[in-house]
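The two complexes that follow have subunit A in common; it is paired with subunit B in the first and with subunit C in the second.
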Partner chain A sequence: MNAHSTRTRLQPLIVGAGPAGIRAAQALVAGGLRPLVVDEAPACGGQIYRQRLVPDQRSARDLYGSEAGKAEALHRDFAGLAGKLDYWPQALLWNLRDGRADIMVSGESRQVAYDGLVLATGATDRVLPIPGWTLPGVFTLGGAQIALKSQGCAIGSRIVFLGSGPLLYLVAWQYLKAGADVAAVLDTAPFAAKLSLLRGLPLFPGIVLRGLRMSAELKLGGVALHDGVADVRIEGTDRVEAIAWRRGGREHRFACDGIGYGLALRSETQAADLAGCRFAFDPRDRAFLPERDAAGRTSVPGIYLAGDGAGIAGADAAERSGERAALALLQDRGLPHDAGRAAALERELARIGRFRAVIEAAFPFPAHWMGGLADGTTLCRCEEVDAGAVRDAIARFGVHELNRLKAASRVGMGRCQGRVCGAAAAELLAHETGRGIEAVGRLRAQAPVKPVPLTLALAARPEAAE
Partner chain B sequence: MSRRLDVDVAIIGGGLIGSSAALALRGMGLSVALLDKGFCGAQASGVNYGGVRRQGRPVEQLPLSQRAHAIWPRLRALIGIDGEFLRSGHLKLARDEADMASLEAYARATARHGLGLELIGHNELRERFGWIGDGIVGASFCPGDGHANPRLVAAGFAAAARRAGAKVLENTAVTGVTRDGEGFALEAAGNLSLRARFVVNSAGAWAGPFAESFGEPVPLSRIYPSMIVSEPMEKVMSVNIGIEGGGIYARQVERGNVVVGGERGLPLADPDFSRPRGDGALAIMNRAAELFPALRHAQAIRFWSGTEGAMPDRNPVIGPSLTTPGLIHAFGFTGAGFQIAPGVGEVLAELVRDGQTQTPIAAFSIGRFSQPSARTDAGSGAGQDQEPQPGELRP
Partner chain C sequence: MPLLRRLVRADHPAIPFTLDGIACEGRAGDTVLTAILTRAERLRLSEFSASPRAGFCQMAACQDCWVVLESGERLRACSTALSPGMRILTRRAGAA
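Entry: the complex of A and B
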């Protein structure tokens, strides 16, 4: 494609500068385009390869462990693209509509018209409410990681990690390596489920063995490892004082002042929703996700998905799906692209996808917790709605759909727009109405994606690149 | 599998109008089917601004509005919840002397309707409502008006109708209605066939085709009023706020969030749904921060808009069909249906039972569109100088 046509068409827009966004940017630049990359963080890397706010003595190895090489490569490659793309850090995409993005950056809101959009919006922690989960001192696993990586501090002086999934062990291990006092790792998955990891050995032996090594090092470091924990309660009056749980009919309790909690991750899909992408229920993630083909094309021409924002698959998959989506964008714009490379990426993504199924079986999501959730436990913390109020609303208004539940109970109406409580609300609604989780629907996204100041001013001139 | 249902009254549209009519009809002992193509109260009735306001309405709406005014404080007895109704008062601001003159003219024109309007000058405004920013010369205060939570009120009427024995059929779009012998035959989604002696067309923005199929085409259009809501704030706004000439309306709910409207959204690809425009939302937010200094450091957490039926003269269509006995229309509330809806529901029930009502509704006859010369002038004398004024969905 000649220079003329790239000049007359608008810039592609990439949302997110994590592994998916970086690789997408790199591929678009290699294909002769100059993308605009917007990212909420002050520096590239995403959640997993987040950079520290101020330099300290820690090495990449200290920060990213076995993934240090990947982190450094991504940071370096993105830095190498300077001058070949436009990059707005600390920029919040808060609305998308009809080929235009509303982006808050440098204290103003810019309207950006784009031609081609790669959404690499990543993931946040998936949690379910349990008694005491809103006490100060309880962090998500992702939050615990940010504290450590970005701010160089620990979430407590005696810490318990609770939940399930590979991130649980990774964060505990990172805290141990950083010198924190990690009292215990409480895994909600039963031991029997872990045996399915053996099926993952032939697919990715390195990853499985690394997990086993981390477990062994945690044990050697004096960390108590428990699996199959149930009836978990976080205790404390003004802040976390202890965690209690049951296993095999026996009651257990640990004193602690910091808890990292997470039940794997959930995709950040609001931007895709606002952009009008079609969604479908994904049984593996137990969530509605934007539809995409193997290349990352959505139901909306010119909009592509990459990384965990389109379904949880991890950082390695994110790098590949970012590059793959960019190749699709180049192809759809009639630009040269490497079809062989695209096919190879798709094969690798399929292999990672098979491994993801193994991980999901090894760390099953304890959806059944919601049936037994006590009425007094907070479900939606933004709007301060407890499980009892949600049950009342379901009964009073005869609710069996999630957006109606939001209207009747305020669940998911607050600052986080249901990003924290949405999964729990859906599970509770499904349980109370005896319907499948896929039958209760999904919360429709509304702008703004995250809160914006009332005084936010529209930038004087619309940004239309090129 | 096909189902059959025989009822006295089939109501098309489970918004606040249809739901309150269903409840009133059940109270008279009539059998009712309330049909909605989606969920009851999920469209304009449930997502509007939530103003419970008589002030500013065209004079011809005031008898109906007064009737509804008596119902609002009885919500708990009527539907089991208070719908977060607060009789806070409604304060309509004037930006300049001309606007203040319009407010004064409105107060004179409506004097006999008993709204109890208080005209407030600049100094008194400072004293009583110090949280309002500069640039306002005066206001008109209607102490008996207020606001409520539309999400709860609309769904609450539908739930109460269901408890009272109405057959509430959600996700059941009516696909055909015909006059059939003594009554009507309706076809609806899910292979449902209904027979009804009466049909109420309360289908809101979707009411046009039903009216047209009975030879009564109406110039019904759609508007998409859009709102923003702030995070919870310390309680500062004691009243529901509107402004002469439009552009902003705002209220603070019990929990502390401030709801602000004043712009229009746009329909989505599926025109039954809409979304605020980004620049429109910013405009509302900036206006609110300007008018209410206490909001200058607030965050907006959510935007939304709804689909609402609008008539060119800003008055609804309420009353019997002029072509078809047994058919009664009630739609086209043009962004101002929330407050009067419970009154309209009672009126519709009376029209079914008695064939007439004591509440004057002649101005809302569908006949005004078939007889161009008889078109009512909707002017309220209150500076309605803009095209369908952003409504309540208008203040």
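Entry: the complex of A and C
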């Protein structure tokens, strides 16, 4: 660490300009540093507070509902930091090695050395394969929300929302308010699980009541609400035509031409993996996550985690964990930082964490689906590997570990690198081998974390020599 | 019938492009994905089974929405803004 403190200090790097990245940037600037913020999107906000490419007739209230104030504050605060930080939008961090980041921006790759790295990489929808899920017209819940919010489009003319988690009801409600025809909300969680939301009332009454109000408004709006949905099949030849499911032994079917589907969220952890952070299994998220302390420090000195990329906690937690991680970075660099503020943020994060446990109990992840998954159902969308082929590979090669399964079956080897099928592959492997999900391991991240042109990789050069 | 239904921006400035050789118009503010799927039912055919695909996550994570231009260039449709004169193909299997 001595050599560290005597050399000319470099800029801190923040990856992601969602709620966590924005608050981290703001706190670093307030602490006297000039961070570089890189983000894949053309404008700040992340997925939840994503901005349109061009304005349209909708207000912030139309786009972000009850969270409009938070969205506008984040966008405004980040704009206010202009000149005090460096910001590269539409920039993809595709590798981290030897203390440097490889970043693709404007068609070229730049290599950036940094001193202090805040990873605020966010999350994507968590899904499990179901028959018909590759058909055109099936989008993730997050995808359905982006189509509406960012592009002003509905994903169909008669839409069904399927899955579990708060986003299920939120997106359905947003579609209803936007004037789309929402046929049904199919919740995979049993009704009894919802009772646990009562435990959330004393923690965050406003959020629980808002959820109940959305359900009531969906019902009033003519949307069929079903819970305990199982054995879901999506039907259609060249596109979605219907959805079928069972509940309590009875078969149900709805004609529809668009489906939004998701089972809560999963963290984007590839960058932390490439940075060498130590991972541990998190039973609540049923996933391996990079280890961090209450401040966001990872096992690697100078690398910090914030937001949903470090474990699913939502946008309000992301703002706080972004600021908290930045305060830790300032402290670790020997700069003045507000210890009282840091402690307050940690208390708020702990409170949100308790609420998150309630949400998880109310919307349990249907891991048991994988046991009954039909052999012919596509598991890996990229490589088109079906469940039967995965079961074959597990049996033929005696596979116990996820990276072995990838080598033997090509699951997770495609362009998405297992973002979409990784959870399902782990659950299926655990089921087939009779092991716990924590015993089958995790897919190792590989650079580039997303496809980049080969010519780009060859052009990579250090941007700043030390 | 197209996959996506436009609720706003219907009167924004037109952006011309071609889809499998046919002249089309998107709207200012469209991604390539939106421009295609407000006219068509798919973005591409999958490499191995030639089954139709139309994207999934719309947030540049799932890599399901790569389309090919007549020039051979490949684009991720959900994260690329439509620009005038794009000549997009959806018919070819292995578009990604």
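FYI, the second predicted complex is superposed on the first by the 451 of 466 C-alpha atoms of A that agree within 3 Å, B and C clash if a C-alpha of one lies under 4 Å from a C-alpha of the other, contacts with A are read in each partner's own complex, and residues count from 1 in each chain.
We take it that contacts are C-beta pairs under 8 Å (C-beta built on N, C-alpha and C of every residue); 3 or more make two chains touch, one makes a residue touch a chain.
The model shown is predicted, which means the values in this text are computed figures rather than measured ones.
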Considering only the touch criterion stated at the top, classify A:I155 as touching first (subunit B), second (subunit C), both, or neither.
-> second
With the two complexes superposed on chain A, say which partner A:A408 touches: subunit B (first), subunit C (second), both, or neither.
-> first
Regarding the shared-chain residue A:R213, is it in contact with subunit B (first), subunit C (second), both, or neither?
-> neither
A:N95 contacts which: subunit B (first), subunit C (second), both, neither?
-> first
Applying the touch criterion given at the start, work out whether A:T455 contacts subunit B, subunit C, both or neither, answering first, second, both or neither.
-> first
On subunit A, which partner's contacts cover more residues, subunit B's or subunit C's?
-> C
In the overlay, answer first, second, both or neither for which of subunit B and subunit C A:V138 touches.
-> second
Common interface positions of subunit A, toward subunit B and toward subunit C | 383, 414-415, 451
Within their complex, state which residues of subunit A touch subunit C.
-> 40, 42, 47, 52-54, 56-58, 124-125, 134-140, 142-144, 146-148, 151-157, 178-180, 238-239, 257-258, 268, 381-384, 414-416, 419-420, 450-451
Complex contact set, residues of subunit B against subunit A = 39, 41-42, 46, 80-81, 151-152, 155-156, 158-159, 162, 230-231, 255, 266, 268-269, 275-279, 281-283, 285-286, 288-289, 295-304
Mind listing the subunit A positions that touch subunit B in their complex?
-> 94-95, 97, 100, 102, 109, 111, 274, 276, 383, 396-398, 401, 403-404, 407-408, 413-415, 417, 446-448, 451-458
In the complex, the residues of subunit C that touch subunit A are 1, 3-9, 12, 28-31, 34, 37-38, 41-43, 46-49, 51-64, 66, 76, 78-79, 81, 96
